[in-house]
Amino acid sequence: MSRLSRLAAVGALALMTGVMSVAPSFAKDVKIGVLMPRTGRYAETGLSVVRGIEMVVNNTNAAGGIKSLGGGKINLVIADNGSDPTKTSLEARRLMSEEKVSFILGPYSTPEAQAFMPVADRYQVGGVGLQTTVIPTTPYFSTISISAEGFGKAYADAVKWLISKGAKINTVAITYANNDYGQVVSKTAAAALAAQGVKVLESIAVEPSVKDMTPIVLRVKSLAPDAVISVVYFQDGVLLHKARFNLGYTSPIWLGGSAGFSDDKLWGTLGKEVAEKTLTSSFGLAFYSADGKLPGLKDALQKGTAAYPDKVLDQSFMFGVQAARFLVQALENAGTDDPVKVNAAFRGLKFKAGDPAIVLPIIPGDVHYAEDGTLAGTSAIFVQWKDGAKHTVYPEAVASAKPIIEGVK
Amino acid sequence: MSAEVLLQATVQGLQMGAIYALIALSMTLIFSVGGLLNFAHGDFMALAMYGALALYQSFALDAYAAAPLLFFGFFLLGFLMFRRLVQPVLAAGVLAGAQLTLGLVFVQENFLLMVFGGDYLSVPTVLSNKNLVIPPLTMPWPLLVGSLLAVVLAAILYVVLMRTDFGRQVRAITQNSDAAALMGIRIDRVQAIAFGIGIGLLGLTGAIIVAQFTLTPAMGLDFTLIALIVMVIGGLGSFAGSMIAGAIIGVSESLGSLLYGGTVGAMIPYAILVLVLLFRPHGLMGEH
Amino acid sequence: MLEISGLVSGYGRISILHGIDLRVEKGELVALVGVNGAGKTTLMKTIAGLIRPTAGRIAFEGSEIAGEGAERAVAAGIALVPEGRMVFPRMTVWENLMLGGVHPRARPYREATLERIFDLFPRLAERRDQKAATMSGGEQQMLVIGRGLMAQPKLLILDEPSLGLSPLLVQETYGALRKLNADGLTILLAEQNVKLSLAVSNRGYVIENGKIVLTGASSDLARDPATRKAYLGRL
């Protein structure tokens, strides 16, 4: 080694130690907004999401903060949108213009997201929607759930998978909640099924405020389909299962979702008697199931149980965890608290299958953000109920149980 | 569509219609007291359903056994509320009374949200998930009991209102309250009792039909709407009219959903309402 | 029986009666005459407890009833047959009459009183099950008088019973009042029809702008030039 190169090496080392010793004074804390319902209709859900976010942030801060920011800590500014779109817009404005946050975790639902997006676009501060089925209309909003189109396709994929497992499905009847979301799901599913050569006998619109599903089930019965897809919310779903039970019509393969087939409280609300006759043979579309085979999920469940021993770690909690883990990675990649750069880093996120940052079973493989701000590589999961517990059966990559299909051994 | 399926849907519709009528009956009674439109009607019923839930959770009391308790409890609630709240406001006009009930909607919804949370809840009863099967018909027992009770209550209410001194006093107040006062009728007391009975009936109704529905704090509005529609179609203040209108709405909704899908089925009550208002503005059995 | 002194009453802040003094003795038929708007109806309603007076006393059989409400007046034995035939339109004749006797004081005698009223007004017996709204003005007037009698009153107050009736029906109505008075019922009668009311009554009061301006035996009042000039002249 020449003198010169030795000198260079020593210089480089000196520089490095210099940088390293100076680093702590550069440690930059970063302010992150959390915009969730903590009062009003979705209060319970919002509070659970916030618990998930706080757990990830506390763990990250305890483990030395964001390395690329010199160990800077994440400071959360939590705002309540009262489950209300108008308040969402006001609070978003406050977080961006007064609190000067670098990014916002939230809001929660689709109407809230629609109120949020114009504000984000104007202030150029990014946000991430947790259970929004809209496709973002601004580069400053991303989602981590599945779009309505994604759900529609998921039903068709599941039917294809069931056929591959030996189920005889030539005809399908669809019932859907008659609103934007239900119509898109129904239309996408019907188109995809037709493309697969499955005949869609009829798509029956049902008002979500329906008080009795018996006539609808009678209509489906008179069509005599091999399988039925029901796009329902919780209450109409309960009425659907009760009508199926009362009429003794349990023979076709029934797929449906989401809340009306996979909500944690569904089994208890229906009662064992009805649930066993209806849910156990159905395939419920879901965003989340605690039994999903993912290393990140197991880790989050463990840490969650330790942090909140008396709380139920539900779907909302895990969406909070997922959003926060994505954000931590985005901050690490950005190395700055500049909102525009943080948002760009968030949109640029890429994960390989099995990455510990992934906790949601709707992300079975590699994942990245598509141009439109939705996650590419997500897939709805399907669960089957047994004795009050849900078991993931599809996609097989995250499945914890084998499906039980009517008429197939 | 086979005759069997049509018959099943018709019977189902009749039973749902009787439930609608049952809810509309108490609204009719309350309306006959000083012309008060009770927009919190469905919410009082939701309150009764949650009451049935609380009694079940605390004392393992079945909703059907709790029904008389809820009737008396809600009667007292209605009686006191009329005296302390409704009457002073109603004195300022029917519109102020309607606004008060609108306010009660928010109070009750938020009260339920605070006490019971926003989750969906259900109350198991002895009749839950039991069906009476008379081939080819299947009839859920909760609906059957609810609909029979609706018929019985309508008959009792009719007799009480048309054939007793109390009923005549209630009607006298509605038709000419000054003249009623001249008869020495204690208007405030008669009205408070009638209002109490109306709210009490909602307590009873909530307990009787709780097995059929899923509880959520905001569930009341839908029931208020259907009760209003049934009451207006039947003719304001007519008990027989409410029964008939309930049956018509129930059956047409059911057959409409069966034959043309749920959206058409859900539109039918409104379509009938418009037709009735166009051609019989006083309702099917309403007096001019 | 009825003793009113210094009575001031009206609607809201507007006083219509400015210090009324009036007496009715047991068994009398007293007429209160005056033009439309003189305060007759206000006075009747105040006695019956529908309006709360702002000052003055109303003693009935020695006890104070001013401002105690309509129920108290009925309980004391005062029945007002209101102006304008306020029947319960969508109820039958029988139901209207039953309501007249719904007060606990009158309830035990309802059946017997009903018979008497059907004797007095046979037309009501014929129309027993007819809705009140479908009856003629004269029949409705009979009905409200009958309804007032159902309350077993000691004092029957009538406000303009002749208003809008044909002369024949007026005769019939007044005939009935005279008969009731002869049977011992005390009656206070408010009328615009001065000639007629002074003809049937024992004593009379003339009311003008909320004040009693003349009082005396009906026969004297009918002859009094002031009354003649003010009211009878116009007839």
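Order of writing sets the labels: A, B and C. Residues in every chain begin at 1.
Just so we're on the same page, contacts are C-beta pairs under 8 Å (C-beta built on N, C-alpha and C of every residue); 3 or more make two chains touch, one makes a residue touch a chain.
Bear in mind the structure is a predicted one, so any value in this text is a computation, not a measurement.
Colleague: Shortest hop count from subunit A to subunit C along touching chains?
Modeller: 2
Colleague: Using the touch rule from the top, work out which pair, A-B or B-C, shares more C-beta pairs.
Modeller: The comparison resolves to A-B.
Colleague: Let me have the rounded angstrom distance from the C-alpha centre of subunit A over to the C-alpha centre of subunit C, please.
Modeller: About 80 Å, centre to centre.
Colleague: Indicate the whole-number Å distance between the mean C-alpha point of subunit A and the mean C-alpha point of subunit B.
Modeller: For subunit A versus subunit B, the centre distance works out to 40 Å.
Colleague: Whole-Å distance, subunit B centre to subunit C centre, using C-alpha means?
Modeller: Computed value for the inter-centroid distance: 43 Å.
Colleague: Using the touch definition up top, name the residues of subunit B that touch subunit C in the complex.
Modeller: For this pair, the touching residues of subunit B are 165, 168-169, 171-172, 175-176, 178-186, 287.
Colleague: Quick one: which bits of subunit B touch subunit A in the complex? Just the residue numbers, please.
Modeller: Of all residues in subunit B, those touching subunit A are 1-2, 5, 8-9, 12-13, 16, 113, 117-122, 124, 128-129, 131, 138, 140, 213-214, 216, 218, 222, 226, 253-259, 261-263, 265-266.
Colleague: How about subunit C: which of its residues touch subunit B in the complex?
Modeller: Listed in rising order, the residues of subunit C that touch subunit B are 48-50, 70-71, 73-75, 79-80, 82, 86-91, 95, 98-100, 102-103, 105-107, 147, 151.
Colleague: How about subunit A: which of its residues touch subunit B in the complex?
Modeller: Touch residues, subunit A against subunit B: 41-44, 175, 178, 204-207, 209-212, 214-216, 218-219, 221-222, 234-235, 238-239, 242, 245-248, 265, 268-271, 273-274.
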